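Lettered A, B, C and D in written order, each chain numbered from 1.
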Amino acid sequence: MSAIGDILHLLITANLWQATLAAAILLLLPALGGTISERSGVVNIAMEGMMLTGAFFGVAADLAWHNPWLATGVAMLAGALMAMVHAVVSIQFRADQIVSGIAINIFAAGLTVFLINRIYGLQDVGHVDQSALLPNINVPGLDQIPFLGKVFFQQNVIVYVALVLLVLTHLVLFRTRLGLRIRAVGEHPQAADTAGINVFAIRYGAVVTSGLLSGLSGAFLAIGISNTFVPNMTDGRGYIALAAMIFGKWTPFGAFVACLIFGLGQAIYDNNSIIHISPYLLSMLPYLLTLIVLAGLVGRSIPPAADGLPYVPGSE
Amino acid sequence: MVRRLTTGLAMPLGSVLLAFVLGGLIVAATGGNPFSAYAALVCGGFGIGCAGGENPGLQISNTIVFVIPLITAGIAVALPFRAGLFNIGAEGQLLAGSIACTAIGIKFSSLPSPILLPMVLVGGMVGGALWAGVAGVLKATIGAHEVVTTIMMNYIAQWFLRYLIVGGPLQLAPGTSKSSPIGAGARLATLLPNDNSLIILGLPSSVFRVHTGLLIALAAAAGFAFLLWRTSLGYEIRAVGQSQKAARYAGISVRRTIIVTMLIAGGFAGLAGAIEIAGVDHNLTDKYFSDTTGFDAIAVALLGLGSAVGIVLAAILFGALHAGGSVMQADAGISGNLVFILQALILFSIAANFVGAIRQRIPGLGRPTALPPDLPPAAPMMTEAAAPPTEA
Amino acid sequence: MAYKRFKFLGVAAVVLMVAMACGGSNNPGTSKQYKIGLVTDIGGLNDKSFNHLAYVGLEKAKTDFGIKDDVTESKSGNDYVNNLTGFASKNYDLVIGVGFLMQEAVGTVSGQFPNIHFAIIDGAGTDANGNDLKHTNVESLFFKEQDAGAMVGVIAGWMEKNGKAKKNKHVIGAVGGISIPPVNHYIAGYKWAATMEDPSIKVLVGYSNDFTDPAKCKGQATSMINSNADILFQVAGGCGLGVLQGAGQAGVYSIGVDADQKDADPSVIASALKKVDVATYTAIKNVVNGQFQAGALTFSIANDGAGYAVDNLTVPAELQTELKTFQDKIKAGTLTPPADIPTP
Amino acid sequence: MNEQAGLAVEMRGITKQFPGVLANNEVDFSVRRGEIHALVGENGAGKSTLMNILYGLVHPDSGEILINGKTVQIAGPRDAIGLGIGMVHQHFMLIPVFSVGENIMLGREPATGPDFYDRARARKAIAELTKRYGLALDPDARMGDLPVGLQQRAEIVKVLYRGADILILDEPTGVLTPQESKDLFAVLRDLVKGGKTIIFISHKLKEVLEISDRITVMRRGKVVGHLITKDTNEEEIATLMVGRAVLLRVDKSPAKPGGVALAVENLTANSDQSVPALKGASFELRYGEILGIAGVEGNGQSELMEVLAGTRRATGGQVLLAGRDITTMDANTERDAGVAFIPEDRRGTGLVLSFSIAENSILGRERTPTFSWRHFVLNLIAIRNWALKLVKEFDIRTPSIEVAVRNLSGGNQQKVIVAREIGTNPKVLLAAQPTRGVDIGAIEFIHRQIVRERDNGAAVLLVSAELDEVRSLSDRVAVMYEGRIVSIEPPDTPEERLGLLMTGGGSSPSMGRRPAGPEGLEA
């Protein structure tokens, strides 16, 4: 049977879409973080580093305490700490936010391996037992719905959390007071400041939130999907999340759609034992698509007005 | 330019110093001895004060081999900085250059050096230029932010390379992950004879891998300085970087300048890739999967404050760090990762201009951004993405 | 993509330990203390695979022969030649390169230092075209991964045949990292032996195109499980851990690779062993005993350089004997596992 | 006015040092409750700094602030707002992509449930405010779509919504039509009747005399005079501002117009937002005359100048330079053809601030044979000599030509541009806002240069937001409205008539732009 035919056949299997959703969520969390951060005017390409740090500390904590929830908290905290560095450097010191982001990613990758050496020595990072992993949960009843049940209600707990966060992020950004202020700060910090809004507080909060979400994604990767830490296991997802954020035009649901597309590509490739697909084209897919979006072929993508601009109080 | 250099010098030097202090603290905090670590690092990088019996000449040679591509790639990042563009794509452009160079070097392997060598080098530059051109055109026409497009192009280059040498048209033989070697005529000569029997400094001269690419890199640096400060184009590039509007009102075509800048930058990055192939590897190998020259180049350009001399100095520092890392591990038992942590710290330090902050932001020195006083900050995402440069 | 730099960063504490160990290294008897240098490939020392095992062998040799050992991890492909030259120029008695990625580098450096002994795991000293230069100072340590693959293949095949697996649809799988010889040798033996045990078996073979991201390999595994595979063989290093874990979550069996991976997940019923530690140890021993021999040393089941471990599984007597006879046949040479994946 | 009322604001010995500048030097400033107090001074006199300090945006190095007699610490706008201080900034603090309602509510949004923004209550609140102060606004309109007049109104409502008793207005009339200004003044008077106190920053003396009760004059960071409006006059204030007697007229001999230099034939072009801004402008400019264009900003003057200078594409019509069609020429070609352009935004478009004087002196000419070999290699000697010549001839105050223009005063920056453009003896000089925001000394100098060009036979097209400047400098005044030249008048035409023409006959205040919401809301 032809590869195309095989793929079409795959597309009607619930398994494929179940895998797609899981893969998408892994990207969605950092993408949401990036969206929040950039809506507040702080460019964030450091999700990769925050995610990696989260993954490492998540595993370390889980191995120590055999408690996935605690570990997840630690992972988020670790991501948030990395984010804090980015925040201090780019908000307080008004550093170039892209350079700071690159530095974070290099730093995180270097630090995690450095710490493996210190903590585990030659013994590799151990393996978390099944019992201490973030569990897969089948939603009683709903999981029996044909097709949709498997896709949406037989997933890891983090998937459900992420979907809630997706809706939450959308509501917060576009329906709440806080969201109004975040967007105001990202559009016109001076205006926000003169309106009595604490620009720095908002931006710090937004960046740290992006760290929390990236850290959560790291935990999902390390102690949800797999059960150990492998150097650089994030494998560039932070950058794909960045692409998804732009693809989604800085909106949560837009980013989600992008993540689904990228996730689908991965899910299809996962079947290469059954059907032959060139790994290369599929691996390029997210980046090519993003270029196409940027090329305006699928509508232009316009970021917040003050995205990437440090705020200098009293300046006009 | 000299003036620029001297006024700018305190910041980068301070940043490096700060980074090393912090790095030392990390080493100490994790039970290592920073002094022996740095001693080994210096030995490995500059062949000075070696305790482990290293051959100074060999260490210096190794460092220079790393420095060569860092210089040209550094220019590929620094030039766009001048035009207000942030080229994170040097790595992808470098790969494109090495691919083009290899393809030509294999296809015409029989040609004599005087013809083939220029061909592969120019071919590499063209390859890199085209790769960067994509970002340049997208930027100039519809304002797609170059940071994002170049990141995407990096990935695409990576996967394209894998395709080519793992099962693709350039693969040497099934099961291998490298291409066949380029023709002898396409190779850059080493400065010392590539002879196993000739003994120099107590070692076979063939171990000193310094090649004539060094001269090309230095020439490139000189050309970069000339272009920037002595030509109309350089003037226009700087004008566009400092104020697109003013440039446009003056009748400078912002779009053309952006595209031309990216093309030239890509050319330099491509040259770096071509030199690596023609001077060191002579074939595409899996080593390019893990190559990071194009990213180190960002640090080099920033640390070098975008000036030719600064870039050369910064390239020497990072080349030495890379070469020294191995020795540090062998002699002092400190992981080579420290090198990367140091690099990140240097980036932070420059980006945030901690030095300036420490010095109470003394006017004239305390510019609180990643870029030296006469460099524009990387353009904000929005104004760029939303408003592509308009022309009359 | 800056992250790529760290794709394979290794462990430094190792080296720390080495340094300390060296400090107080006493070597009884032998007048000369041999200096051995080990250069890892970009996988780094805790790649949970052959770099790690090579180091284990080195450590064993140190305790046995009181050698002075130093390790350098290659941070990128640019470092191979430098690191090899580094040890050679310091007149080490043996410089060991780990991994076939280093073939060309070993070929070059061994030519420059004819008086230094070199050993390379999984390869030979080659020129740019991949031809063995046959330098007389290079010892090539090859492995018959297919032997190890075959033994675990027997286990998988036998269980399918006798309904001892979870689904018993006569489907098993193998997840490779990238399609390169060392990986494919394993899979070849695995498929070959499994088919011999259970002619009706279907062996799914997939490649994650990655060696570090467990999620990718887990995806491969899940897809295979969805196609009724119930025994999965991972041949993808760190990425492959996702296979073992995925199998565990789906309640099917998995098989580890290179080292004994029974701790990675309860689902691991066996591991295909590639005894790089033994090979490394042997190479060092030969130098210490002045028995260095140039050319290829092949490690296989025959010389206990390859094999298998039964892990979280209580093996029925029947399978015991099956394995025994199979192993003996390979040793005797009456059975020869193929190096290339058989196509039905 | 109630002379006995206590002080609403009292600032004592305020000093603020910025790198290189002493922005405020021991400034004492007080405002009585319920008065309109004008704060006047040239650009850079320290007015804005003082007000930013009062509003908490800038922190003084020393000095104390009393509000209603009580000493207060103002750490930020939040504190200022808390003390009932509100500020309407010269550059509006509005978010174009937000609705009027969201802009007004920002920072004090009504909320329901956990934290949801309550649009209904926002509407109600705004309705009340607009009723109380008669400031009609459509809360759901997108701010970016409103005319400046209404945007400013929104700013004022924003301040009132925050319960401000003390309103600071920074150069509020700069962007308004005469009609809009009148409306604004009416509003201000009502506010004062309602017990509010108003600080009115301006450099337009006529307005100051018209609206204020008392005046504080600043010069070079110091307060140089406290005046009672009804006892003073323009000359006195101007003299205080500049520190010497100034003549507010330009003395020039009558023009001797020559042949037609520029013939503009029903020219059309779009604005940056790509909406039609120039809608068929036609006029003739002759050699040896200064044609001034009077008009409210945003009626197409900027676009007209840019099209003529070749930095903006015309969508229709024709421009003839001495009979030659230059409609589609780019800036370079036009410059070669003898058209020089002084753009209106000095810092944004006229100069590259980080470039040295020398570098700026060849901006746009870097490929000309004079300054480059083969249009590629710069001729540094030629550039240096040229720059030195300009610095000397145009009396640019600078230590050296290597100084970055960023470090020059506004006046000297403008001189650099004027020198660059006039220095090549152009046939046609396009001068857009040539004296905006420069000190009076420089204004006089630049005016003389422009007149000299005219006398040398150049054709000068002048655009200025200052009606006085247009009238005093021009030989003929063309009134521009809605992208057309509606009339050409002699310079001595009474201001009232010009103002009427500028507003298309002075009907609705929202002209020149799309009106927001139903007309019923206007006026």
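For the reader, a short list of remarks on this structure follows.
Heads up, the rule we're going with is that a residue touches a chain if its C-beta (ideal position, glycine included) is under 8 Å from a C-beta of that chain, and two chains touch if they have at least 3 such contacts.
Worth saying up front: this structure is predicted, and the values here are computed from it rather than measured.
C-beta contact counts were set side by side for A-D and B-C; B-C has more. Ranked by how far their CA centres sit from the centre of chain A, the chains are topped by D. Averaging Cα coordinates per chain places chain A and chain D 46 Å apart. Averaged C-alpha coordinates give centres for chain C and chain D that are 75 Å from one another. Annotation: 34 Å between the Cα-based centres of chain A and chain C.
Within chain A, residues 102, 106, 109-110, 113-114, 117-118, 236, 239, 283, 305 each touch two or more of the remaining chains. Across the assembly, chain C contributes residues 1-2, 4-13, 16, 209 that each touch 2 or more other chains. Shown for chain B are the residues that touch two or more other chains, namely 31, 151, 155, 162, 295, 335, 337, 340. By the touch criterion given at the top, residues 1-2, 4-13, 15-16, 18-20, 37, 42, 70-83, 85-87, 89-90, 101, 104, 109, 111-114, 128-130, 178-181, 184, 209 of chain C touch chain B in their complex.
Across the complex, chain A meets chain C through its residues 13, 15, 19, 23, 26, 48, 52, 102, 105-106, 109-110, 113-114, 116-118, 120-124, 126-127, 129-130, 136, 221, 225-228, 230-236, 238-239, 266-267, 269-274, 279, 283. Taken in their complex, chain D has these residues touching chain B: 19-20, 272, 306, 309-313, 330-332, 334-335, 341, 343, 345, 348-355, 359, 362-364, 366-367, 371-372, 375-378, 380. Looking at the complex, you find that chain B touches chain A at residues 26, 30-31, 86, 88, 134, 138, 142, 144-145, 147-149, 151-153, 155-156, 159-160, 162-163, 295, 298, 302, 335, 337-338, 340-341, 343-345, 347-348, 350-354, 357, 368-371, 377-383, 385-386. Chain B makes touch with chain C in their complex at residues 31-32, 52-55, 58, 62, 66, 91, 151, 154-155, 158, 162, 166-167, 172-173, 175-178, 180-181, 196, 203-204, 206-207, 209, 280, 282-283, 285-292, 295, 322-323, 325-327, 329-330, 332-337, 339-340.
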